[in-house]
Every structure is written in C-alpha cells, then in structure tokens.
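Two complexes are shown next, each including subunit A; its partner changes from subunit B in the first to subunit C in the second.
And then the complex of A and B:
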C-alpha cells in the first residue's frame, strides 16, 4: 500500500472514531485546546500495525468505538499504599467520587478537578493543557495522546508551590464491565517545589490516561503508579514531561496482568543539569498478557542525566514490549543517558521484543543501552536449593531480585516496600 | 553418618564415566579428607551428593544416616542435614545475604517441622556467628557474594554452615583462592563446628589445609575411585612426593 493511502486510511479511522465522540464542555480556552487536539488527531490518524511504533502492539481494541468488556477483579486485599499518609482523589469508572475522596486541600499545593478548571480561567492550566502532548509528536506521532487531550471528561489539575507534605494519590476504581474512561491530569511543579503523585488501581475496562507535567527549575516530581490486576483490562497512557534547570523527574510503574497495556512516557530535558529517571516492572502470566513500554527522552540541555530501567517477568505465553529512545540534540553536551530493558522468561512460550534506540547529535556525551532476555540463572537456583530453599521459593526469590534493580529507582523506601510486597504476592500466586 | 557404596556416575551430556565405584564411610564426629589430582572426580562427588543437575548415577548408593540421598531434591538433602561448601560460591545480585540466610534457615526448619526463627532471634544468631568469622554488618547487607573477595566468599560459606548447623559438611576445595590469614580464619570456623554429632568430608588438592583442619582419615582419589586410605601421614606423603608415587604404588 502506498504511503498516501496508508495515511488516508489512518485519517479515516480517526474521523470515524471522532464522530462517536463529543468534546466536553468548558470555557473558551478549554474548547479551543480540545479542538486543537482533535485536529491533531484527525491529521495524524489512528495507528495500524504498519506503523513503526505499533508493529508489536495491535491498536485495534484501543480504537474500537465500543470498549471490549473487562470483568471487575476482586483483589480481596487492602488498597496499595494504605499504610501511607496520602491525599486520596478517587475516580470510579472515571467519575469523581467526592465521598470517597479526601478534601482537595493541602498546604503548598492547589488542586482542582479538570472539569471545574476547564470551566474557569486558571491561567497556568490554560497554558499547559495539551501543550506538552502537542510537543510530544515532534519525532513520533502519538495519536492516542491527542485523542485523550481532546476527549478527557475529567482529571485533576495540580499546581505545587511548596513541598507537598504528603503524596497525592489518584485512586482508580473499576466498577462496571463495560466502562470506557478518558482522564487527563495536569501537574505544574513550580520553582523549587516538590510533589509525589501516586496513581493506583484499574481505572476501567478500557482506560485512556493522559498526564502532562511541567517541572520548573529546581523542582522535583516523583510519580509511582500501579495499574491494577484486572486480567481483561486495556489501557493506553501517555505521560508528557518537560524539565527545567536542575529539576528532577522520577516515574515508576508496576503493571501486573492486563490484556493490553501501552505506557508511553515522553520527556524533554530543556534546562541544564536536570535528571529524569523512568522505570517499570511488568508481570504477566498467560497468552492474554500484552505489555508495552514506549519511552522517548529528548536531551536538549547541557549536563543532564536520564535513566530508563525496565524489567518484565513473563510466563505462559505472555508478551512484553520495550521501545525506548534517547535523543541527544545538538549542543546537549555532557549528557549522561542510560537505558536498560530486561526480561525474565519463566518458560519457553513467553516473548520479549525490544527496540532500544540512540540518536545523538552532540559529541561529548556518554550514552549506553542494553537489552537482555533470559531464564532463571541455574547456578544461582542450585545454590539456593543446596541451602534448603525449595525450588518454587528459590525461583520467586531470584525473580524478585531480578525486578529489584527497577525498584531501586524509587527513592521512597516505604513506597518501594509496598510495591515489593505486591510483587511477592503476585509471584506467590503465579508460580508453580 | 555418610555412607557411599560403589557409586558410579557419568555426565548426562556426554557418555563419560567420572566416578567408577566410590566406597566411603564418614562416621559422625569424624573428619575425612579426599585428596587427588585434578580430574580425579573429587568435585563431581561433591556435586552428586548435593544433587546438582548434569550427572547421572549409573550404580551404587549414597545415604545420610541411612536415608537415600540420591533420590532427594537438593533442598531435601539440605533439610536432611547435608551441606556443600562450594569451590566457587555463586553470586546472586539482588538477594541480600541476610535475606538469603534467613530464608534458607527457615525453609530447612519448616521442612523439618520446626517453627520458623523470629527476626530478632535470627539477628542475634547471625551477629554472633558472623563475629567469629570477622564478617561485618556491611558484608551481611550486601547481595550474596556480589563483590566479595575470594576469602570473603569462603568465609561466607562457613558462615552459612555455622548458621544452618548441618550434620554432614562437604567442603569442596575450600582452600582455593585463600591466603594464609584467610585460610586460618576459615579453618578456625570449621574447627569450631567439629562436634561428636557432625561429619566432615574435606576435599582438597593440597595438604596445607589439612594442617589447619586435622583429618582423622585421608583418602586418595584417582580416576573415579578411592585408591588408598590412611591416616594424616598420607597427606604429608602427598605433600612430599606428589601423587605420582602413590598412584604408581597402587597401580
């Protein structure tokens, strides 16, 4: 098929999809931003498997007008981070749940619902909404992100001016089999300010998540999310961040189960001496597990550091994808870029596909990347067993050790410990 | 304690006989040494006893207190009281030394129907044992054997032995890679564990380790068999004249 035909077909798919959607109501600026996003979507079109970055992940179920259903999973355990003092903002099937949420108040930060903010005139939100997403298409088109910006029904907008005393936790609850949810969040961390944002739980049967984060000079943004254990869940998320001078951005995602998860993270380091760490652990058991991490980090300033650390544990025909890129622009000297993606294949049926990319236009940089796929280390396994640790327990211990390197990217030990417990629980349930 | 009768073993991958009928009995309370030239089958014997993959037992038997070892999984052998100190201890990134030891101890206790040891009691136990082997808190925190020197790895093996308190200890070339001071430290650790209820099988290429860990019986192994057994003086004979004389004598 000729390229022009392909584009036409993509655009047609986008137009068809857009026809089933309505732009949410809001102030003039919000409508303008949403219309602009829709225009981007219609121009790019929706992806097919012929697209370079979708050849390993089938986008069809994300495009379908009707969301495929997903049974609600009863985890039968306390919500993660329950022990941690945090401000909870609850969305049930994408609908804000005031009863279950804490008051949207904390010293040093302003929080509002997107649906309220979009009706008001909050200048910083107006400036940010759709801005980073739009910039994120510069090298690779991300139609689902434009779709998200155009049609998100709610979300939160957070502006941080001080040091947030406790994390903000966006709690997602999946309550009905057919829920189809689109949420978009804005975070602006002002100069020298600090915030930890937690996103937890399965949001819906099908979830489109958008997060734009502006990290100003000297500011710190930490992000930890867990995507829920619902087996039939489908999810496509886009995190877009821009980093100022001497700022820090850290994001960690734990994914267990899910029929389809596509997590895109797009980061621009625009101020000197900024640091961006993106990490993730994915656990999949069975042919119905498909997990895709697609990361794009652009170095556009001097002496910045970026790290990508992704680990996947796959068994019984589960599939893991990693597409990670470091782009070092001309003049981004002294860049320190690191990328590692590894999979632990617990049997012969599981598969891991990785596409690490470096594109470098500066001459004084240190960039490295690596990708490995392997089984459990037999020598280590025997060593543990020879000390009395049973086969299953030894395998789980080594699997946890494999994932540990990604968990080490999390500064907060209490958060890391809670994630480690979840990981261990999953392994306990999914080992034989 | 440990009884090996006519043990014959070949490599699984290739048709190569390594052990050709080993007979050996180590009673409780005794220290036996096996010496022999490279390739005589010493390490194979230790691996087969501990249950490593890749070997096929084609004949004979090995029992610990009358229980068939060869029929058990490696972890069952450990719970039954067998311990192998590895010639090359394995590095396990991501698993803390303390976690490893506590998991192993509790797994063995569980397998024996005993209660798991509490975190506090374990900490107390490990501190006491580690002190004797000059293993500091830093080494206990690090991932198992990762970044350890040769001597530290061997000391860590003896620490595991001290914590797990096995009935039968097999030491595979524990002296390899040790300097004089480390050898003394390791030997002191082993000697401290000598006990009327515990057996030792010390596999070594050189006599020098046996200056520190005095054996009751020395066996010479060659070409997959025990060819000569005797008292500690046999080790000195090897030291003086090498293996060739002994092997010629028994040939």
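And then the complex of A and C:
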C-alpha cells in the first residue's frame, strides 16, 4: 500500500474512534489542552502493524471502540505493599472510591483529583497537562498517549514541595468484565523535593494510563508499579518525564501475565547531572501473554546518566518485546548511557523480540547496550542439581537470580522485598 | 573537466609526472577522482520500457531475459522509495540520468584482452588493477613478499555499463570454474542463469533491487562446480566513469556442493559535482558443504568536503546457504559513497550452516552510511557472527542496522553480535539499530554495542611517542577495527588500512 494511503487509513481510524468519545468537561484551559491532544491524535492517526513501533505488537484490541471483555481474576492474595505505610488512593474500574481511599492529605504535598483540578480556572496543573506528552512525539509518534490526554476521565494531580513522608499508592481495582478505563496523572516534584509513587492493580478490562512527571532541579521521583495478574487484561501506558539539573528519576514495573501490555516510558534529561533509571521485569505464561516495553531516553544536557534494565521470563508461547532507545543530542557530552534487555525462555514456544537502539550525536560519551536471549544455563542447573536441589526449585532459583538485576534498581528495600515475594509466588504457581 | 579539483602545484622542470602523482597520492584526497576521457555510447536519458528493451538488446539477450526485465520494471513503477534508513539526500530524479553507457570501442566485443582499447586498460592500470594476467595485484605494498604460489587473482573489469574483460578465464575453465560477465553468462550459460537469477533476491525484493532487475547492464557471474576449490581469488572491479550515469551491476555467484571460492570486489568513481546513482544486486547461492568468502572495499567517490557530489550507493547483497554445512563470510570496508544503503545478508537454511559478517564503515565530512546485515536462521544448529565497526568523523552520520532472526525450527542456533561505534568530533553521529527476534529457546543470541570516542589515554601514549595527532588517530582506529581488517584477504587488508588513514585525514583538531 502506498505511504499516503497508509497515513490516510491511520487518520481515518483515529477519526472513527474519536467519534465514539466525548471530551470530559472542565475549565477553559483543560478543554483547550484536551482539544489540542485530540487534534494531535487525529493528525497522527492510530497505529497499525505496519508502523515501525508496532510491528511486533498488534494494536487492534487497543483501538477497538468497545473494550474486549476481561474476566475479573481473583488473585487470592493480599494486596501488594499492604505492610507498607502509604497513602492509598483507590480507583475501582477507573472511578475514584473515596471510602476506600485515605484522605488526600500529607505534609509537603498537595493532592487533588484531576477531575476537580480541571474544573478550577486557576490551577498549577494547567502548565503540565498534556505538555510532556506533546513533547514526547518529537522522535516517535505515540498516538495512544495523545488519546489518553484527550479523553482521561480522572486521575490525580500531585505537587510535591517537601519530602513526602509516605509513598502515595494509586490502587487500581478491577470490578467488572467490560470496564474500559482512561486515567491521567500529573506529578510535579518541586526543587529539592522527594516523592515515591506506587501504582498497583489490574485497573480494568482495558486500561489506558497516562503519567506526566516534572522533576525539578535537585528533586527525586521514585516510581514502582505492578500490573495485576488478571489474565485477560489489556493495558497501554505512557510515562512522560522531564528532568532538571541534578534530579533523579527511578521507575520500576513488574508485570505478571495479562493478555496485552504496552508500557511506554519517555524521558528527557534537560538539566545537567541528572540521573534516570528505568527498569522492569515481566513474567509471562501462555500464548495469550504479550508484553511490550518501549523506552525512549533523550539526553539533552551534560554529564547525565541513564540506565535501562529489562528482564523477561517467558514460557508456554508467551511473547516479550523490548524497544529501547538512547538518544544523545549534540552537546550532551559526558553522557553515560546503559541499556540491557534480557529474556529467559523457559521453553521452546516462547519468543523474545528486541530492538535496542542508540542514536548519538555527541562524541564524548560512553553508551552501551546489550541484549541476550536464551534458556536456563545448563551448567548452573547441573551445579544446583548436584547439590541436591530439585529440578523445579533449581529452575526457580535461577529464574529469580535472573530477574534480581532488575530488582536491584529499586532503592527501597521494603518495596523490593514485596516485589520479590510476588515474583517467587508467580514462579511457584507457574513452574512445572 | 580537470582530473582534480585541487589546483595543480607548480612543477619544477625535471620533476617527472610520476613524482607529482606520488605526492598527490600522499596528500590524502580521494585518489581515484580522475576521469578517463573516452568516447561513450549512451542510451537516451531516462527510464522507460524502451530503455529496458534497449539494454536487453545491447546485451544481445534472449527473449526470456527481456521479459524478466520488463516484469521487474512494471513492478518497480508501483513501488515507493524506502524512507526508513537514517540517510537524507535530495529526491533522485530517475528520469534525469543515463541507464546505459558503453565505451565506443566496446561496440564490437573484443575477443581477448589484447583487443581492448588501451585507454581502458590504462584506466585500470592507474587504479592499480592491471588487466594483465600477472601473479599479484600491483600497487599493493608488501604483496611482493607474499608467496607467489596461489596468489593469483582473476579480474572482471566493469566500466560503466559493460564488462571490459575478464582475466585468467582459460585457466579457470580448466578447473571447471566459470567466471565471466553476467551478460556473457546469459548468452552462454542460460540454464544456470535461469535457475539461479532472482532466486536469492527476488525481482520485487525492494525498490532498488527491482530497479536493478529491470536495468542491470553487466556484472560478474561465477559458477564453481561440485568439489572444486577455485584455484585463485576472483575479483570484480567496478569503475563508474561517465557523468550522470547510474551503474547497475548484477553479480551472481554459485558455489556448488563442497566447493570453495573467495571473491573480491572493488569500486571507484571520478570526482564530480553531481551525485551519481549506483544500485547493485549481488546474489550468492551456496550448496551443501560449500564456502564463499566475499570481500568488498567500497571506495566510491564520497563527495567533497562540503558534501557536493559523490555516489549514492543502494545495494542489495544476499547469500543463501541452501545446503547443510554451507558457509558464507561477508567482509566489507565501506569508506566511499556520499550515501550508503547496504545490508549484506545471510539466509541460513541448511542445517549447521554458518554466516559471518565483518564490517568497517568509515564516514567523514558529509557522508552518510546506513549499513549492516541480516542473519536469518532457519536451519538447525546454524551459527552467525556479526562484527561491525562504525567510525564517524566530520559531519557524517553512520548507522548500523541489522536483524538477527531465530526461527522456531532453528533450534540450537547461535548468534553473537558486536557493534562498536567510534566518534571523532562533536558534529557527527553514530547510531545502532539492531533487531533481534528469537523464536525458540535452545538458541542463544547475544548482542553487544558500545559507542565511545578515541580514548584520551591511548592518544596521550601515542603522542608521547612522537606521533602526530592524525597518525595517532589512524593507529587507534586501525586497532579498533582490527578484527575486521584481519578477516580481509591480504591484498585488501593493506589497501583497507591505508584507506582508514586517508578517510579520516583532516578529521582531527
């Protein structure tokens, strides 16, 4: 098909989809931002398998006007991070649940619901809403992110001025089979401030998540997320962050099962000496599991560091995808960029597809990437077996060790421990 | 037109031309930038079915070949130029160039090399590729010391659209090896050409390959029969000379069961202000237990310091390891061309077949290279290895783009990829775009890539030993690229080492 026809077809798909949607009501600035996002979406169109960044992931079920149903899965385990003192904000099928949530109050931070903030004529959120998402299309178009900005019905907006004493936990509950949820959050970490944001739970049958994070000079933002075990869940998320001088951004995502997950993380290092770490572990069992990490880190300042560490454990026909890129702009000297993507294929049907990219326009940099794929190391397995460790246990042990490198990216030991437990639990259930 | 853009230095009386030439060579500008003044026959400008027919007619081709070309042309008209590569160049006007240019003296095909126009022979002589049947390639330092036994190189010389002559044909024939121009092969060995042409790179493979299928004018043909180890290295030397003329050559190499051949390819073009198009297709068929080594030193005119002129090099090269234990090795040194778009690939179909790819791509000034390889593992226990070294200087852009694909049935296969980039100067770019697809778990795929600059400590060490900056960079770069240089046949390795130094001249400080 000719190129022009493809674009026309993409735009047509976006227009058709947009017709089924209504922009949420709000103050003039919010409406303006949502309309601009819709305009971006209509111009870009919705992706097809023929798009470079969607060649390995079929976007159809994310585009369909009606969300494919997903049975609510009874995980039969206590919510993760239950032991940790945190401020809980609960959304059930995307609807804010005031009763289940803690009061939106904490020293040093200002929290509001997006739906409230968007109704206020004057609000700090005005400068951030859709801003980083719009910047995120510079190299690669991300139509689902524009879609999210345009149609998100709710979310939270958090402004941090001091050091948040407890993490803020966004809890996403999934209650009905056909729920189709769009949430968008804003986080602004002011100079020298600190926040840890947790996102947990399966959210909905189909979930579109948007998160824009502005990390000011000297500020720190930590992000830990788990995407629930619901087998039929479909999810497309976009995290957009901009980092100031000497700021720190850390994000870790654990995905266990789910039919389709596409996590995009787009980070811009705009201040000198900033640090960005993005990591993830995905565990997939079965033909129905399709997990896609798409990461794009732009170095636009001097002496910054970025790390990408992604691990995937795949079995029974599961598919794992990693598309990561480090872009070093001209003048971004002394950049230290590192990227590793690895998959452990536990049996012969699983597949791993990776595209670890470097695009570099500055000469005084040290950038490297590595990508490996293979089965469990036979020698290591033999060693453990010879010490009397049963085969199943040995396999799980080695798998856990394989994922550990990604978990090490999490500073907070308590959070890491909770994730490790989940991992071990998954392995216990899914090993043969 | 003058042979050089640089003004001729004043020459004192008594200094002969050779000395001046030698000094020029050392000055480090593109040393093959002169042209040969020779009367040419052109096909009318532009591209149409008539031109395709005309090319076919000039080559005295049978009807099936004409039809094959016409089909390709019809397909090409429906295709769009690919845009995915990280290269930028002005829109190519496919109607504003010649698709066929032949020296007038070649109108009646010379029966032997003795009948070839001396001007043409002189051209190749000057390029260091004498078309005499001598033991070694002239002009390569150190080659004299090589053992003379077995260091013969047969040459097929392609000048614009036609093959001028092929050396050592008789001796090769004794061994059963067919080495001739593709136009001759179409006439003399139609059964082989029919069987293999387009079987590795299908007619509609991609935009440039399809264009080539329609208008290719000449190229080389090699057939090595079962069990034969080709008694000498084979080589083709491509020279673009005519202005506004595209060169579209087609190479077909067939290594039958248990055979071996090493093939070298060289290319140069005059220095001109306008860019010229080169779109080649190389197909290699490797049967059971056979092995092919294909080495290229690509030194097309890269354009001047301001990015004016140069060759646009759009090449499709693919090797098909059809039989079990077939083996192919691509080695390339890419120093020339304004724009390079080239991905020598390996289809590893036979069980236990092997593919290797060693590449150095050097870009300076305004050059752009988007090059790499594809390793498609289909057979069991197949192995591939990729070593790619990209060196970028000046305002150049250098991209490695590659695919490693392990199909579900390619069990117990192995790939190792290493691609390193070196940046010299803060105005250039180096990029890596690898695709990795693993569809079974008994195969192992490893990919490593680094990007760095010339190490300060290494520089300091060299400078401290009295080397100047450019010498030091050349030495360090040679070290950086040594794994690839070592994979080259000796004749090429020496030339390549010198090229590395020349290409980077002026990029420091």
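The criterion applied here is as follows: the second predicted complex is superposed on the first by the 429 of 432 C-alpha atoms of A that agree within 3 Å, B and C clash if a C-alpha of one lies under 4 Å from a C-alpha of the other, contacts with A are read in each partner's own complex, and residues count from 1 in each chain.
What we mean here is this: contacts are C-beta pairs under 8 Å (C-beta built on N, C-alpha and C of every residue); 3 or more make two chains touch, one makes a residue touch a chain.
On a predicted model such as this, the values are computed, not experimentally measured, just so you know.
In the superposed pair of complexes, A:345 makes contact with subunit C only, with no contact to subunit B. Considering which of subunit B and subunit C touches more of subunit A, the answer is C.
With both structures placed on the common chain, the touch criterion links A:360 to subunit C but leaves subunit B unconnected. Of the two partner chains placed by superposition, only subunit C is touched by A:331; subunit B is not.
Of the two partner chains placed by superposition, only subunit C is touched by A:368; subunit B is not.
When the shared chain is aligned, subunit B comes close enough to touch A:402, but subunit C does not.
By the touch criterion stated above, subunit C contacts subunit A in their complex at residues 80, 83-84, 86, 408, 411, 421, 423-453. For subunit A in complex with subunit C, the residues that touch the partner chain are 2-3, 52, 330-331, 333, 343, 345-375. Subunit A makes touch with subunit B in their complex at residues 377-380, 382-391, 393-394, 397-398, 400-405. By the touch rule above, subunit B contacts subunit A in their complex via residues 50-53, 73-75, 77-79, 84, 86, 89-95, 99-100, 103-105, 107-108, 111, 143-144, 160, 164.
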